[in-house]
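In the two assemblies presented below, subunit A is common to both, partnered first by subunit B and then by subunit C.
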Partner chain A sequence: MSLESRFGRYVDALPEKAWFKFLATHVVVPYWNWGDPKPKLPGGPRPSTQPSENVQRMMNLVMPLADTSSLGRAKAVMAIAQNAEEIFAGLDNVGTVHTARFVILEDNLCMISVYDGDFSNYIRDFIETIGSVFDDVMSLVKGGEVLIPTAQNVDAFIDWVHEHDLFQAPDFPTELFALQDERAGRKRGTPHELRSLPRELILQLQANRNLSLGGGYRAYPGVSAAQVRSRFGMGW
Partner chain B sequence: MLTAADDDSRLAEKLVEALYRPDGSRALRPVHALGIGATGTFVASQIASDFCVAEHFSGEPIATTVRFSNGSGCATAHDGWSDVRGMATRFHLADAAATDLVAMTLPEFFTATPEAFLDFAVAARPAPYKGESVWGKLRALLRLELPLRNPYPGETISPDSGAIAFADDHPNARLAVFGAAAIGAPLSYVRASYHAVHTFVVTGKDGTRRHVRFSWQPIAGVANTNKSETPVDSYLSAELRTRLEKGSDRFSLVMTIGETGDAFDDPTRPWPPHRVRIAMGTMTIEAVADDQAEASERLSFNPWLLVHGIEASDDPVLRVRKEAYKISSARRGGAPCPFAGV
Partner chain C sequence: MSQFPDLAELQGNILHGYRRAVVRHLVLEVVDRAAAQRFLAASIAGDSSDVPAITRGTILEKLPDVCFNLGLTYEGLRALGTPATHLASFPTEFVEGMTRRAAKLGDFGASAPESWPSPFDRPERVHVVATLYADKTASLDRATEQVENFAAGSHSAFAVAGVRDGRNLDGNKVIFGYRDSISQPSIRNDDIPDRVRDPLGTVLLGYPTRSEGIVFRVPTPPVLGRNGTFSVFRVLAQDAFGFEDYLDRAADELIADHDVDRLLAPGAEKRIGSDLTQHGALREIVAAQMCGRWRDGTPYAVSPDWPLSGSTELGMEESDGTPPGSRDLRNDFDYGPTSRCPVGSHMRRVNPRGGLIVQRIANHTRRLVRRGMTYGPDFDPAIRDDEERGLLGHFIGANLGAQFEAVMCDWLNLGLHHPDITGSNDPLIGANQPETSWFDLTARDGGAIRLRGFPRFVTTRGGSYTFLPSLPALSYLSKLP
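Moving on, here comes the complex of A and B:
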């Protein structure tokens, strides 16, 4: 094997070499991020007038805990567990939620839910029905105390939730260009080198450290929770 | 006076000509040159006729002829190379009637108009390919870009560079070019999903007309070869023969219903994955056809071979395919295209 071809094989394997990963992480990515920082892309589903885009919408709310010790995380568990009945009754009253659950993930309390309709109204309905639960939760969350009582800080709470709802990566990878263009005020259809897509993703992950991958799978797409309950004669 | 059909015919002639590869054969199709024909049976689901009154959705077993193919127009088999695959299905109906469903593994098309597709075909004409120099790869890595892939063993020409350059300037083409570059090689022709790409308009039992797109989903599941291993040049036809000697394989036909605001006439824009999907039926692939010349090479499919209950949308790429398939069939001396002489 010639020297050139051996060098070529070495370069092909570079992305998996520890030293190159270190260089990329600590020098190359910061360099590009310095020169071309990406604004954070907003969380939650994007606005749409299309019917199936407005049902079964995903929320991935990540709330950083103020006290990340096991003691603090236990308090978060208790805040949810002690209010389970109120939460379930509230979800029934909201009436547009397909599924919802709370998850402790590392230092975060997460609320993962699937709901129908407008995001702001979903949160507004929630606060209306289980605002006291969110007061308990927000008392445990970093920066949450200023939003208590949530029932009297509805708009600020909606903004906070939106800020902490994960960005939903587009279902089609090249759509990332369009979302970045829109955020940066560039017109749709701005030319981009296709090969730059990995860099755009890497830099976007600097701004949005966590994200939801695509819009998710739906077994019965385009159908609201109310339609499902009605079809099966379960009423509300 | 020239008609729209004359214009389509001229454009289709140019398209077919532009699609031939230097390593292809005029006796074969300009794209999807190599393939294998199989026979099967399609049975519609119980609800299919609610959405489409076409004969093959009645629920009666319908004999089918299926041609699986590699997307390339190269006359030599390179099954293991990353490439789009095709699955063309003919449903044999009563009184010697038939309808075709032409699908491929890429879920979207490269351009929104046939004129732009001609530009794409010219831009992506296979050119000498050596991959990227070592310094080019290093530069790409430092720019956080993916280096161009290394040539496959024996690969001397490729459409990749031209296709990528075209996509850089044509946002509509980005998704398909990106998808095609990453598509890989299936373990088997029956372990890939195939998409009809274009929008059709179906009429249901109650007279409701819906804009829809069709996909075949393999019951065996989607699986690709390991791209880090040296690709095998010829295995897909043998694999299908061996597989079908042992038993049958199935595909489910899924029909996605579009909504107002979706791209009905633009095949470059896939619909979001959470549109309503209807399970239209199951096709069982039963055997490799005995007469491959008749069931695969000479057979002339045409996406416009439709029956009562299904209409073509206004997609201009779909429109020109009628002529392009007809011309391609005549050039290679295939069995007469259903629209020959029309």
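Moving on, here comes the complex of A and C:
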């Protein structure tokens, strides 16, 4: 066996070596991050030029709870339980929502939903319909107090939700470059070396600790909630 | 809070149109802050012979020789020295500016900001959109000279980055031949009790809106934000030859492939146009259904078989713009469940009125005031040329996101508000591609005939999101350290 291939195998095996992992985690990545910190990428789906991609969009809203004790988390459970019926009736009135549910995950209350069309319109219509009910929920969320009443702070609330909606990693990995360029104000089409992609992803995960992996699966793509309702005679 | 404002404190183009013959938009870059502030102060004072006076909202017996209003971009507010804390109080869509909202607005492909000509190719240099309105070009020239004197010489307040001239076509028509400027939000004003439709918050910051309980963000400090509003300035090229060519093709296809009687009542040609053949009449039906109005302005919903021009049925307005009777059918109508005006028509997309829509709470909430004029040479379908012509428009509303963008991204394109059109774009001004475009004509028997394969007829050639400050706000800006 040649020296070169033995060296090659050694290098390939490095990521599994404990000393190398330690070095990467505690020295290399922090050093990179110090030299080239990535701004946090905004959440939610991005507007698309394809009409079919502008329906059935995913929201993964992660709202940190103000009180993370089990008592505080129980309050969140109660707030949803007491208001769920009204919230769901409101979503019905918004008209563009396929599904929505609430989840408590660690110290966060999450609202996970699938909706049609523009994100800002969805949130604005939601608040216009049931803002006063949702204020109860927001009162338990860290940073929520300045947004209450949400109907009177609707622009700020939309920005806040955008900030707390999970970043959706692009379906085509190299699109990450374009999103980082846009966020940093660099020109579209700035050239990047393909081999820097893993490094960029690692650094981006420093800024966006949680993310949604791609746009997700759809059994019937390109169809809006109203079209489903209309087709099945459910009244839209 | 909901008291009607002092009209003298508002810029005059917000609540009323001037209905003048010519317009000139000057795109200015602030070069010297202090000099630009002197210009603002002089234009507010209105008594300087060196600077055009800002036209206020006060209702005047006689308009001045030149009406003058201005909007500031985010970059412009910054260049004038607006403190960062107050800059941050402006809504996100305004801060980001039109070019960064391109995907939402359908500005891609040939409409992408990257392909806009100067000065809109460098949005960071677009600070002020100053608009002059007059009856004669000579008046515009005199006022332009005043601004240019301030741009050059000892003042050097601005660099004139771009100029766009427009004019009013005879009969308020637009390049595609439709009569325009018919439906506008009419603002509730206690002084004018019979015009009770849209609350003041539709077009002015700091007042109740149509959306119950919703308060749009008013930038701080209050003197800067209150009684201001936002205007979307757009340069929209209209492919008039492409549109007329398509109408020919559509009429050919309808005659070849369909039972034409489903669209055209036997013998109705002559009522659509005295000299029209069946082919010519079908062209006009396609044009009318795509727009939602016949080219003479008759709403398709009111008269689906032929236009009512010259007929007294419509209640056509007098030459001074006031309707003759109590009911103006050109605007006083709605879209019921059996309306033959296609759901996908331009008019039903941008303003579905009281018609059933998916977003049940959004009826009547996304209204815009439109102040548009035509640019480019006259259009004569018989004489081919490559000239660019189209529309220079201000689209005014108190919240860019809730009004202009909301219409553009979910209704005009995508068609989310009605399941029968979702996935299609506005046939007249949408971001269409022949490979995917479709539009359903409504037939006389209640069915539909689908048209496919039409191109994009309107291309964005520039624009910016501007803030139209009140007079006290302009005064505040003129005094910033």
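Note that the second predicted complex is superposed on the first by the 223 of 236 C-alpha atoms of A that agree within 3 Å, B and C clash if a C-alpha of one lies under 4 Å from a C-alpha of the other, contacts with A are read in each partner's own complex, and residues count from 1 in each chain.
The rule we apply is simple: a contact is a pair of C-beta atoms (placed from the backbone, for glycine too) under 8 Å apart; a residue touches a chain by one contact, two chains touch by 3 or more.
Because the structure is a prediction, the values reported are computed rather than measured.
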Subunit B and subunit C placed together on subunit A: clash or fit? fit
Apex subunit A angle, CA centroids, subunit B to subunit C, rounded to a multiple of 10 degrees, is 90
Inset, instruction - Considering only touches as defined above, state whether A:Gly117 meets subunit B (first), subunit C (second), both or neither. - result: second
Report for A:Val28: first if it touches subunit B alone, second if subunit C alone, otherwise both or neither. first
Touched partner set for A:Ala151, first subunit B, second subunit C, both or neither
second
>> Tell me the contact category for A:Trp236 with respect to subunit B and subunit C: first, second, both or neither.
In response: second
Note to self: For A:Asn93, using the defined touch cut-off, is the partner it touches subunit B, subunit C, both, or neither? Pick first, second, both or neither.
What the structure shows: second
Given the touch rule stated above, what does A:Pro51 touch, subunit B (first), subunit C (second), both, or neither? both
Applying the document's definition of touch, where does A:Ile127 land relative to subunit B and subunit C: first, second, both, or neither? second
- Query: Touch check for A:Gly222: first (subunit B), second (subunit C), both, or neither?
  - Reply: both
- Counting only touches as set out at the top, which of subunit B and subunit C does A:Asp107 meet: first, second, both, neither? neither
Smallest Cα to Cα distance in angstrom from subunit B to subunit C after superposition equals 5
Contacts of subunit A common to subunit B and subunit C in the A-superposed view 48-49, 51-52, 222
The answer for subunit C against subunit A in the complex is residues 91-92, 100, 103-104, 108-109, 114, 211-217, 357-362, 399, 401-402, 405-406, 409-410, 413-416, 418-420, 422-425, 431, 436
Residue set of subunit B touching subunit A in the complex reads 134, 137-138, 140-146, 150, 164, 167-169, 171, 174-175, 177-178, 257, 259-262, 270, 272-277
Interface with subunit B, subunit A side, in the complex: residues 4, 7-8, 11-12, 14-15, 20, 24, 28-29, 32, 48-53, 56, 171-175, 177, 189-199, 202-203, 214-218, 221-223
Note: in the complex, subunit A contacts subunit C through residues 46-49, 51-52, 54-55, 93-96, 116-118, 120-121, 124-125, 127-129, 131-132, 151-156, 158-159, 182, 188, 222, 224-227, 229-231, 236
